[in-house]
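Written out below as structure tokens is the structure these notes cover.
We just call them A, B, C and D in the order they show up, numbering each chain from 1.
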Amino acid sequence: MQELINRAKELLADGTVARVLGWKKGDMSYNPEVAYFNNAEELEGFVYNGFCAANLSKYLIEASKLEGKTLVFLKPCDSYSFNQLLKEHRIDRDKTYVIGVGCKGKITVEKIRDLGIKGIESVEIDENCENITVKTLYGDKTVAYADAMLERCHVCKGKEHVVSDEVIGESRDTVDAERFAEVERIEAMSPAEKFAFFKAELSKCIRCNACRNVCPACSCRKCVFDSTKFDSAQKANVDSFEEKMFHIIRAFHVAGRCTDCGECSRVCPQGIPLHLFNRKFIKDINKFYGEFKAGEDAETKGPLTNFTFDDVEPCDAVKGGN
Amino acid sequence: MQRIGVFVCHCGSNIAATVDVKKVVEIVKNEPGVVHAEDYQYMCSEAGQALIAKAIAEKNLTGIVVCSCSPRMHEATFRKAAERAGLNPYMVEIANIREHCSWIHKNIEEATEKAVILARAAIAKVNLNAPLKAGESRVTKRALVIGGGIAGIQTALDIADAGYEVDIVEKTPSIGGRMSQLDKTFPTLDCSACILTPKMVEAAAHEKITIYTYSEVEKVSGFVGDFTVDIRKKARSVDMDKCTGCGVCQEKCPSKKTPSEFNRGLGNRSAIYTPFAQAIPNVPVIDRDACLKFKTGKCGVCAKVCQAGAIDYEQKDEIVTEKYGAIVVATGFDTIKLDNYDEYAYNQSKDVITSLELERVMNAAGPTKGHLERLSDGKHPKEIVFIQCVGSRCSDDRGKPYCSKICCMYTAKHAMLIRDKYPDVNVTVFYIDVRTPGKNFDEFYRRAVEDYGVNYIKGQVGKVAPQPDGSLLVQGVDLLDNKQILKKADMVVLATAIEPDPSVRKIATMLTASIDTNNFLTESHAKLRPVESPTAGVFLSGVCQGPKDIPETVAQAGAAAVKAIGLLAKDKLLTNPCTAKPDELLCNGCSACANVCPYGAITYEVKLINDHGIREERRVAQVNNALCQGCGACTVTCPSGAMDLQGFSNRQIIAEVDAICR
Amino acid sequence: MSFDKTKKQAEMIREISGVNPYKCMKCGKCSASCPSFNEMDIKPHQFVSYVLNDDIEALANSKSLWKCLSCFACIERCPRDVKPGKLIDAARQLVVRERDGDYLSADQIPEKLDPELPQQLLVSAFRRYRR
Amino acid sequence: MPMNEEFKPKIVAFCCNWCSYAGADLAGSSRLAYPADVKIIRVPCSCRVNPMFILRAFEKGADGVIICGCHPGDCHYSTGNYYARRRMAMLFSMLEYIGIENGRTRVEWVSAAEGVKFSTTMNDFVAKIKSLGENVRLGDIRCKN
């Protein structure tokens, strides 16, 4: 962490960058916040640890409008989102300085709570990210790091940064689960079971828009759900339509662009596994149109703005999904 | 809020017999926005249009819905009527209650209910319509004709005579097409070459006509009035400017074993060749697959004997790019393959031939120098059997379901010519029906029977069996006599079905012109627009549209020319105003829309945008209305809904969905 | 024979054969192809009209029914998918069913194998049911 | 069974202007009947069909949605139906994933000359929807507690 702070100070000092985008300590040890640092003094509050899960690439849309370069720290998976945004002309590469940071998997306090640990006061992570010491009202508890990891890290995309100006720190292979296992489990259900499953999950939604706000692919200046472009004369119907179809349409809009960064599920206050929509599209795209990783580069045409003459017919695609 | 008038047409009894039009009027009166509703016998009639105009004026209507036939039929009529009455023509919507309702449903209650729903959808849509204004685009005063047969030649001549530049693209080394292969023509027995050659010469000499032979259309882009076409001029290996057409190279060429395409494979040609003596241009091509120089590197005889130094082994294919205002397709036909008709022994006996092959046999320049001979042994035949409808009128997958139209007449011609020249030859024709609609056609057929003694038997042939003695045993039936017939013949001639030239599929795809299940090009309207493709600026000439004889082909070629001239005569075309329109405030500048646009109509511009007080430079999409054809691909790819299609907007279509699912 | 019964028989022929006799364009290729043409009283191309006219009685009593060799030349060559051979075979089946009043079961076949039974029926039946 | 008790499905058909709408017209002028449950919406091209339209139809209680366009390779706009094919493959698969039976969505390529195909397609589609019965209301997928 100190290495990151030192390098950031250097780049600020020699004028390479005008500001630094990173994480600072939050009100608790387990919830660091995204923050800008404008000088060496402010950088003293910089933190980088297992709880720094937030994907910073989306912030660069606004940062690109500011004077001078912004230094940003991107984890390997965040770099895919960065590339995708470059492809969509949303961020200005010339106004960013990317330091790829090492990642050994990210953890969340929710997972620790899920393990039945109550009264958490603070959390300490050991140097090698093997174990976590949780200080609680009822004494210290030790938890294996992997048990507190986010779902996305169990199916990690890899240790490499697909874009960066320099890389600091080492990453670790954290994959220990099958990426599409959950999607396949749902695919195997009967139509009624599927409907019931998604109905139960989606009914928890409070339309707080946290998923939309955090999603690097959901970067529209104005969301289609906030404009009148699709409504018909009867406003009441529109409301119910957008309320009910929100997640399905959102998933379609980011299909072929979603990097599976998992931020949507991470930030959902209701714990809805929103990534299951996106991952279904990714699975289908890979199956029907060839392996595709959104954001792997900033040039390749996305699968939904492309075609081949002998693509699968929709009726066969549906059967193939069974 | 719109003030909408709804006009329900009876279409005589076409609609009114199955849809209770009065009830439709009563119900739609209560729809939101509707201030007027009435029905009438024929809305498209002058009186019907007057009713609409009157209502627009009196009720101050801002939009109208006509419940009638398909918009493909009368949308233009009603738009014009509205415009004359002072309403923007794009404030008109059609509810198709004839083709999509009254004609396919029998139950009045059901059909009336559906008509109401279709009307509601149109009303919901027109509530959200906005006046649109057509733009203008330029017209390139040049036409392209694809195919250099009689259809293409005639079309080109007619367009050129009207004063416009025309290019003919022909894939073989010479223009002339199928007609150049024919010996005589029915029902006048003119010599085909004698009437075709002057046309070919006229086309070649015409200052407005450029002929690209041995060339193919490779790529087409653009749209009506402004097509851009890449033409591949295949390497001829002979310099067109230097060659004098002396023919020595063909004489001296040592490779003479290639079946002649012109003679339908009945004779051979040299590797360097012109297809026939009157070829235009009279410049040979080297068939590189047959040429020893290209196959082995040794030979070069033609270059040695050519005094003009025209042989160029290094010549490469050349791409010519040209702009056109109109394109005429005249790709013609070929006969079907007979591989699936073993019973006629076509592949087993040289003496079973197609009618087109007989044309070559009868022709003085053909493989037998015009003598009627058996191709197996050169003997003079005594007994010839003609079999009609080989592969035509077949509903199985061996043949074609349509009537090839020309066979009855050319068979009568062949029978008559043979009986005339060789009275010793007996001619029998097995037929299912003899179809002779046409001027002097039935008289011609009767002459073959009455004056020339051709034996017509109503019934088909079941089998042709080659015999050890070289004859052919024909087993047929005489249905009128109810007898089976066994006949020994020396030659059998098959009236083989014709099909569109296989090249038409690729061309139709390039032109985005639609094609039917038999690969004939579809016309815009089967009765009223028979020479126009539904794709604007593309016209149809000759057999590519459907089976035709020569006079019909020439007539249609002229008609296609007139349509093309009508287009070329315009300085500007009104463009479809239903184009894509971006909302700059919503645009992310992500380029997704530009990626899917087939016309390159979307570009990006960095602009100063004032977004509710926030002023900043943004990359936003711009649509070129002259290029946009209004497909809507961009609108769906846009996640923020910034891109919308005028006339088919998101809100309009959603309103229709809502009205239908209400 | 009542009107209803003849109607019903004609319908059965169409059902068993799967043939739409209206597709026939009366080209006669079936009769032109038929090796047993001369031994038949009702010619192959005429079968269609008998079915269309609901005159199954005449068909059932015809010689043709038992003269058809089931060579399938007419079925192979018919350009209109009418396939008179199938009509003939269906008529034959109708007659056999009438006689026995029921369908044949597989184990009944051996006892039926007597010289009285026309060979072509067997051939035809085997051909029809081999799939 | 009395007529009014029979299940009358709501079926929305999106037809491209150049091929399938004309094919439907041809089915009409050839009097090739299909059930009145099918209501056609004209769009310029199958690529104009936004997945939002289909979701909207299902949310409003449609029992089936069919999209008809020019045959691949024959699109009036060259490539529109290729994009439509990918979009619909993705959307239909997603709808199946959330519990809309796969028979309720269909894409069919119908040319202007295929009146017969249009009619048989619609007959077949309606029969399929009738066999599936009334659709779940997609609108019910998210209920507030």
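Heads up, the rule we're going with is that a contact is a pair of C-beta atoms (placed from the backbone, for glycine too) under 8 Å apart; a residue touches a chain by one contact, two chains touch by 3 or more.
Here the structure is a predicted model, which is why all the values come from computation and not from measurement.
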Pair sharing more residue contacts (C-beta pairs) when A-D is set against A-B: A-D
Taking each chain's centre as the mean of its CA atoms, chain A sits from chain D at a distance in Å of 36
Rounded to a whole Å, what is the gap between the Cα centroids of chain A and chain C? 72
Between chain A and chain B, tell me the centre distance in angstrom, where each centre is the average of that chain's C-alpha atoms. 54
What is the distance in Å between the mean C-alpha positions of chain B and chain D? 30
Pull out every residue in chain A that's touching 2 or more other chains. 230, 304-306
Counting only residues that touch at least two other chains, what does the list for chain D look like? 51-52, 56, 73, 79, 83, 87
For chain C, which residues are shared contacts with two or more other chains? none
Pairs of chains in contact here are A-B, A-D, B-C, B-D
Chain C residues touching chain B in their complex are 23, 25-34, 37-38, 43, 45, 73, 76-81
Quick one: in the complex, what on chain A touches chain B? 65, 88-90, 219-224, 227-234, 237, 253-254, 301-302, 304-306
Chain D residues touching chain A in their complex are 51-52, 55-56, 59, 72-73, 79, 82-83, 85-94, 96-102, 105-107, 136, 138-145
Which of the residues in chain B come into contact with chain D in the complex? 70-73, 96, 98-101, 103-107, 110-111, 113-114, 117-118, 121, 508-509, 512, 514-517, 522, 534-535, 578, 596, 598, 629-633, 635-637, 645, 648, 650, 653-654, 656-658, 660-662
Where on chain B is chain A touching in the complex? 32, 124, 127-128, 583, 585-592, 595-596, 604, 611, 616, 619, 637, 639-642, 644, 650-651, 654-655, 658
